[in-house]
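Lettered A, B and C in written order, each chain numbered from 1.
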Amino acid sequence: MSSPGKRESPSSSLQLCRVMLPDDANIMGNVHGGIILKMIEEAGSIVGTRHCNTQNGDRCLAALVRVEKTEFLSPVFIGEVVHVSAVITYTSQHSLEVQVKVIAENILTGEKKLANKAALWYVPCSLQNVDKITEVPPIKYASPEQEEEGRKRYESQKIERLETKARLEEAMPPPPNPERYTVGFSQSSLIHLVGPSDCTLDDFVYGGVTMKLMDEVAGIVAARHCNTNIVTASVDAINFHRKIKKGCVVTVTGRLTFVSNRSMEIEVLVDADPLVEKEKGKYRAVSAFFTFISLDKENKPLNVPPLKIEGEEEQKRFEEGKARYLQNKAKRLAEKERQQ
Amino acid sequence: MSSPGKRESPSSSLQLCRVMLPDDANIMGNVHGGIILKMIEEAGSIVGTRHCNTQNGDRCLAALVRVEKTEFLSPVFIGEVVHVSAVITYTSQHSLEVQVKVIAENILTGEKKLANKAALWYVPCSLQNVDKITEVPPIKYASPEQEEEGRKRYESQKIERLETKARLEEAMPPPPNPERYTVGFSQSSLIHLVGPSDCTLDDFVYGGVTMKLMDEVAGIVAARHCNTNIVTASVDAINFHRKIKKGCVVTVTGRLTFVSNRSMEIEVLVDADPLVEKEKGKYRAVSAFFTFISLDKENKPLNVPPLKIEGEEEQKRFEEGKARYLQNKAKRLAEKERQQ
Amino acid sequence: MSSPGKRESPSSSLQLCRVMLPDDANIMGNVHGGIILKMIEEAGSIVGTRHCNTQNGDRCLAALVRVEKTEFLSPVFIGEVVHVSAVITYTSQHSLEVQVKVIAENILTGEKKLANKAALWYVPCSLQNVDKITEVPPIKYASPEQEEEGRKRYESQKIERLETKARLEEAMPPPPNPERYTVGFSQSSLIHLVGPSDCTLDDFVYGGVTMKLMDEVAGIVAARHCNTNIVTASVDAINFHRKIKKGCVVTVTGRLTFVSNRSMEIEVLVDADPLVEKEKGKYRAVSAFFTFISLDKENKPLNVPPLKIEGEEEQKRFEEGKARYLQNKAKRLAEKERQQ
């Protein structure tokens, strides 16, 4: 792509682009957030893998271990060209950070808009031995300050990754005839049999494929709650605790945890079940919180129906969700003030 | 097709073919039955739509209303070319029968095998008014006997269609920690958001797309029960009671009803939920019985673990499944004897 | 194919067909040229591989080495059925020619139109040893004249293939803020990570997959220049110099070389980068010239904005493009006169 505002890319950066097709969007023409997340991760995985193979040693593949919280800044529509540019912005001994920008271009009007910005962390896994983490070649920084800032991001995500464990609780099946606007009413699960095209060369699922499935189920939950055109507004940081192998059945369950006037928070749990390997049972691979908003026909935000809470568990999750919501709101306000 | 430079083939027949790709198969390389069913229905829908538009009047699309019981006669593998030939074999005033043969060709060895034979019933729906069934132009029969046999097939499927209603019972969610080999242990549901490429020009889902989803969920149920390489052996007659529109969320649920020494019967229920049209609720669109077998690495049949039945409902479904199993077995034997 | 109940068609011909879906088309409903090219090549590759395995010896796969210049004669729309018929028309010791016709059928009106005619050259590669070219069984010709004409086509393409090397120059990234209507303004690149379903049984990318990507990027370039509905008008002869293996990252870059009143010529360069095999660097796999036209809402041709040329390199490519344009125009006129 004609990466806007950049010169020839070294091996540590990459641009990719694709026209958005009808199947990438909902019936209102809004491209699914999951399609964007998948493209972001494809770019990250290529640039990460390419970089980690620039020195001698084992051939390796960069595996996604974490995506920082990311926001969808503008809606993307069918027919637009989505440009994803990825650049490696920090390397530690065994991991690297990729920052990604997503620009949507209307090739009929020439209009461009920033659709998303994301930061992803990868770890190189040896192709010979998938459990071996190889060394990451260092990148060059424009300044010592840049390196120092990267180190800070590295340290803080490391702490968060260590502290955060996958939420292990089961998503209980909803009651037989759930009442409208309850958590059980909109709770949804999808299952997906992992096929060859979902996987990297070493037969593990791309992180982006998992995120696309997560966004899909979260979108169905949101639409069931609102019965309107819903779009992904943001995704909280996701830690990829365990890999998923080709041939697994992946169960992705989404349920509403919190609803504000204008947004819905949906918890998404991903379980992997290696069907033909009896010894290994089903395990929790990832979990994350997605935030969706509801839009009218002019893409203006709509009010969201309140959530009917039933039982202590739901109340506890609602309070936690509210805390995250208020924290994010405060952060956004603080940032706004800083920018003024 | 009207192959240029060839004898014009009549408008009432059609051949299509495609190379089988890794994404069409499971990890053992066996092509999913659902891929074959989708190709069969694509051929049927083209030949049916083409035929119904050969006379003046409303333009219309042929909608699938019924598939007769069909058996998978030989396994199909990645790299093989699947040839589907469809021919209209009977027309009534408002419906038509398409018979389809599927041949798998190994283009490396030249070997060809009959993979499937199926019969499908279509009804032409006006493009102006989707609830209006238009008239079907009559075909010419090679002999009065041929027409008479067609009429018999027509009458008998009509009776079956009127008698059989979609099984309306809900598939209850399985208990929290189901025991191995119970019905609840392997019960699975997938949800799918209907996209533009799943639909015909009038924005209703292709019957073949629905059958592919049904086969997918049935395969997951079978694999969860056996933990082996499983393949579709046959599909009982399917009646498509109600159409599914673009934008719906489709929930496809599969559960074991009966297990013999060498086969598993899985009931598959398809519910459609028109998310953004509040007035319409969720409804049962289709239901069907799939039979799967378990194979070892040489594609030899394996024994299937017995099913642990819990409760009266499951026992009742098991007995019904056993009756279908014995009936099919008797039919096969009778046919064998007739052929000798 | 062995169409049951029909005269067995010879192993040297094949028909395939498919309904065009929304994802096959742009937002105006015009099916992408790349979709047609991919179907053409699928048919060629099946018929070529099948033929080369009709005698004893190594099992082999037919690899695409060249596509002759091809023109898109009529637009194809969503809902139409595209029929591709391929027939082997010449065999040399180590290569074969496949001629392909594409007919688009509107199954609602019965209308059929010739959409494309193409000629492709294949070479059989042994499955045991991908660098070994096996022998091609001879075909039977209807007349000595037919054979002689084939030999002429063979000789002339051989010379062209030997003379034409892949254009090895790099596509320099455009300047940061390119002016409207310059080459840099519309230049575009996409990257694609080669997945399993892009590949033949020996894990090399289908030529048709590459052509589809090339058409996609050329279409983006054309749309950026015109901001209108654009369609592929023709593709100059393409030589496939080097194969692309599974796991490679393919970078496809398109840039305008020449613009006439009514057409745009876009040069497309394809580079393959085997991410994890360091010894092999990035290499130029294919290059080609695509011609696009701009259409209004009634599918009538529109004028194309002139191209702003900057620098000697662009001027040189523009002159070369103009020469090709005039040569093609002269050829078309000569053919018209011959037909009168």
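Here is the rule we go by: a residue touches a chain if its C-beta (ideal position, glycine included) is under 8 Å from a C-beta of that chain, and two chains touch if they have at least 3 such contacts.
Predicted, not measured: the structure shown is a model, and the values here were computed from it.
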item	value
Chain-chain pair with the highest tally of contacting C-beta pairs	B-C
Self-contact between copies chain A and chain C, residue sets same or different by half	different
Chain A-chain C separation of Cα centroids, rounded to whole Å	36
Shared-contact residues (touching 2 or more other chains) in chain C	22-23, 196-197
Residues of chain C defined as touching chain A within the complex	22-23, 26-27, 172-174, 176-178, 180, 184-193, 195-197, 216, 219-220, 223-224, 227-228, 246-247, 249, 273, 275-278
Complex contact set, residues of chain B against chain C	1-6, 11, 14-19, 21-23, 42, 45-46, 49-50, 53-54, 59-60, 78-79, 81, 83, 85, 87, 101, 103, 105, 107-110, 112, 127, 196-197, 200-201
